[in-house]
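Structures incoming, each one as structure tokens.
Two complexes, one shared chain (chain A), two partners (chain B, chain C).
Entry: the complex of A and B
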């Protein structure tokens, strides 16, 4: 699946800058559209693994923008290392994407 | 002898008209280059980012991972989706008729109107028996974004207005550009030529030389892609003027004028606006 995550990685020395764009409506809910309430639908948890080790976790709420962008810097990275990104939303949907530096 | 004279006169008229748009372009460019001598000619296509170094830094940072990336993928899918007759949009727009994105808008001598890229897309769809796309909705903007992204690296190459009809369309666009309108009594040229580089509240007024080459744009305040004509509507609303329909005759003529001014400059779309 993984068509909701785009990742770009830039390696400088031992530092890898991981940039990611996640496609998600990030609906805060409680609004009405044509008289019907829109259910909240937002990402609650994002994690990034480096060679299987979780190096970053983010606990998000409805205050994050639609199609969020996140970047982080990982130390001790080498070319060929595995990077995995995963998100979970409040409706239980999830997606993950793995790539190499 | 008489017919020879008429032919000579026609040739002269055509020659003079070619010179007219070229003369306008020369003057248009010279004016901006005199105003912003530090900016290279090709950089003007970036609009406000060409003249404001702080905004340019923000623009470059956003472009490391532009927010329209997913839209490009969706636009590409729609552009290459096969019609029932086996062709697709890209073939219809380009190869069959030896035209590329950087050749639009074109002047259709038979119909006597300017054909912008969105109108050409809808003509293709209709010919293939598909429903035309709304000019104000995202599916069309996404296709435009993909087409312009794929055209990066080329330069705008629109045919100069040579015929009587195309010259009158060009001139109508030029007149529209220079006509004051709205309660604020401002023309396009007032803000984007005379006052370019000055500040309107916290926004820098953008120079317009080649700015059409970075459309469609991802509006950070819209959170979505928007077309050139949607930007025209935005400008008209801001000067409290009555707006025109998207892809209306006047807007296409204005686009024609601006695009002829942008001839020879690089294609850099889609862009990013605040």
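Entry: the complex of A and C
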């Protein structure tokens, strides 16, 4: 389904450390390359759901590095719980990925 | 031509030009309206702010933001490449609702704002860009107040052009 998001989850007790890596240029824009103007292209939102409930929402500017990495810790997690990650960029592109702990 | 004349000229612009202008305006603003609907409360004004003072004013108003040693920023003191600076923010506050990362000398000082539910712990790790050596501020909003921590990070090569 998704090929831009990689998620690794580590469960310790009932705390799940969710680490995600998203493939994205995170281009600030406004500069020129070979004389051509580069448009800004960066992820503006990332949301993380745990069993269908949004547990974290990230609002990003272009100050996040290329191919963003994000790690969060979610409490009250159990083995088999569903984790969903979704991002949207400033050009309206989007991708999502779902997995189980 | 004085200002009044200029306004009249603009008003008399041909219909086609006016139509084109309206179409471009709509094309530029509509996608943002859609995104806004899908994810509420993106701090758009804060991402437009170009100074740290403006960013803080937009995000936190005139709320007091005392420094707290319960917030820990982990990052290398010296980052060789400003375009990839790993940073980790940890806090033992239990009721964290949001964590914001502000880089003092970035063209857009607000790097990210993370909004958390009650299930999410006060922890976030990511990689940010730093335009030059500067302090990074982490602002943690909790149910009982807003707190900050700062850490200076030295950058060898600025990450502004990547």
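Worth a mention:
Assume the second predicted complex is superposed on the first by the 100 of 101 C-alpha atoms of A that agree within 3 Å, B and C clash if a C-alpha of one lies under 4 Å from a C-alpha of the other, contacts with A are read in each partner's own complex, and residues count from 1 in each chain.
Going forward, a residue touches a chain if its C-beta (ideal position, glycine included) is under 8 Å from a C-beta of that chain, and two chains touch if they have at least 3 such contacts.
Since we're looking at a predicted model, the values are computed, not measured.
When the two structures are aligned on the shared chain, A:23 is found in touch with chain B, with no touch to chain C. Of the two partner chains placed by superposition, only chain C is touched by A:31; chain B is not. When the two structures are aligned on the shared chain, A:43 is found in touch with neither chain B nor chain C. With both structures placed on the common chain, the touch criterion links A:62 to chain C but leaves chain B unconnected.
In the superposed model, A:85 makes contact with neither chain B nor chain C.
Looking at the shared chain after the overlay, A:6 reaches chain B, while chain C stays out of its contact range. With both complexes placed on chain A, chain A has more residues touched by C than by the other of chain B and chain C. Judged by the document's definition of touching, chain A residues 65-66, 69, 71 lie at the interface with chain B and also at the interface with chain C. Within the complex formed with chain A, the chain C residues making contact are 31, 34-35, 38-39, 42-43, 47, 83-86, 88, 101, 103, 106, 108, 110-117, 119-121, 123-129, 159-162.
Only residues 15, 28, 31, 44-45, 47, 50, 53-66, 68-76, 88, 91-92 of chain A touch chain C when the two sit together in their complex. Those residues of chain A lying in contact with chain B across their complex are 3, 6, 8, 19, 21, 23, 65-67, 69, 71. Within the complex formed with chain A, the chain B residues making contact are 64-65, 67, 69-70, 73, 223.
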